[in-house]
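What follows is a single structure, and I will ask about it in a moment.
As written, the chains take the letters A, B, C and D, and residue 1 is the first residue of each chain.
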Amino acid sequence: MLEVELFGVLQQAAGDRRLQLDTLPDEPTAAAVLAVLGRDYPALAPYLQRVACAQGDSLIRQDQRIDTSRPLVLLPPVSGG
Amino acid sequence: MLEVELFGVLQQAAGDRRLQLDTLPDEPTAAAVLAVLGRDYPALAPYLQRVACAQGDSLIRQDQRIDTSRPLVLLPPVSGG
Amino acid sequence: MSRMTDQPLDMDQLLRETENDACGALVVFGGIVRNHHGGKGVTGMRYSAYGPMAEKVLTELEQETLEKFPVSECRIVHRTGDLAIGEASVLVVVRAPHRGDAFDGARYAIDTLKLRLPVWKHDFYDDGSEGFQDGVPLETAAQSDEGTRS
Amino acid sequence: MSRMTDQPLDMDQLLRETENDACGALVVFGGIVRNHHGGKGVTGMRYSAYGPMAEKVLTELEQETLEKFPVSECRIVHRTGDLAIGEASVLVVVRAPHRGDAFDGARYAIDTLKLRLPVWKHDFYDDGSEGFQDGVPLETAAQSDEGTRS
């Protein structure tokens, strides 16, 4: 099981700030999680190409294995300032 | 007769903020006044090469005739900001 | 003041916190909510952030600005929540011995903030519509020039 | 506030006077009396000005900045008299729809001020000595690129 946190336009697309993924590959990479998300949540699919992934206060690469005990955070293109 | 106003390092060199020139060429240019000043006030001479001249709120060119009824203002290199 | 806050940004406090007698130049950049975007009238904005990472990005960006430029002070604060027209969403304060460096440092800080800070603008338009502004995809360390950022 | 003043410069007042809902970017430059110059410790400074021309130069420079750059607001004030370390001798406030223009306008304004404003700095050093700083000779219209300045 993995908790996924959504920000910005992803919240709007999913209609929620958090999702739970129950079925995942073993020792998933971020990319593998994004693939599952795109399949299970078609409304998110158009945005996942330009999403960055984070856990805690750090970005992670998509080929990196994630820690499934912590939320995976999905960050769409940023517009601060 | 012409009143001359001094600013910045020129005040220090002359020991005064104003000078009066009593003997001047007819219809003097700013350059002609500077020549008289350099002769009559040797302490000012080293600074006159880099001085700009003004009357009222405007700079004047050194080849310009001045209005002897108004002060001629001598402005050394500036250091504002 | 923490760097991410839902309270109005306090420029006077930032100026006090960065006082430095060796610095002859002060440059402040303020990002202000303006009344138009993309040809439409804007009535207000909502800024949301991924807090834990945003605070860290600003702390690192202050440090990086101090290292890359001959500047002595750099402070950055960013607002979240609902902002009215005319309110400041971000303030950057840089102090340096010389003015060119202060300008360069402040510009670098705000330009880089826009590439790295996990913050999202949501516009409210005067025609009743609303929506997130599109932005800049965040680069992960593997994609960027420097490998140390994440 | 008149542009040349012997009173402490009031940034808040300048910010209020330049409020503009169409501007997303604010850049403030402040020139601050610092505690060193040319390798010597400075304890204070005295700024003197040729008032009638200084006021006009600042008014024209604000206008010129508005014309040369896509900025919407430009205000410049300069202090005279005796200043302590840490006090502001000059403030430039520029507002523009976009930040690059606000930075460019503010930088142009302070860089050009230093070439044109009839103001003189007198330093007081911590070894008891004092003196006018050397500066930049003013250009008259005949010497400069543009014939309209005087």
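As a working rule, a residue touches a chain if its C-beta (ideal position, glycine included) is under 8 Å from a C-beta of that chain, and two chains touch if they have at least 3 such contacts.
Note that this is a predicted model, so its numbers are computed, not measured.
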item	value
Common touching chains of chain D and chain B	none
Least hop count linking chain A to chain B through chains in contact	3
Interchain centroid distance [CA atoms averaged], chain B/chain C, Å	50
Distance from chain D to chain C - Cα centre to Cα centre, in angstrom	25
Per-residue multi-chain contacts in chain B, two or more chains	none
Residue list for chain C, restricted to those that touch at least two other chains	31, 110
Listing of all chain pairs that touch each other, if any do	A-C, B-D, C-D
Residue numbers on chain D that touch chain B, as the complex places them	31, 47-50, 52-56, 78, 89-90, 110, 113-121, 131-142, 149-150
List of chain C residues in touch with chain D within their complex	11-12, 15, 19, 21-36, 85-86, 88, 95, 97, 99, 102-103, 106-107, 110
Residue ranges of chain A touching chain C (in the complex, touch as defined)	5, 7-9, 12, 50-54, 56-63, 73, 75-81
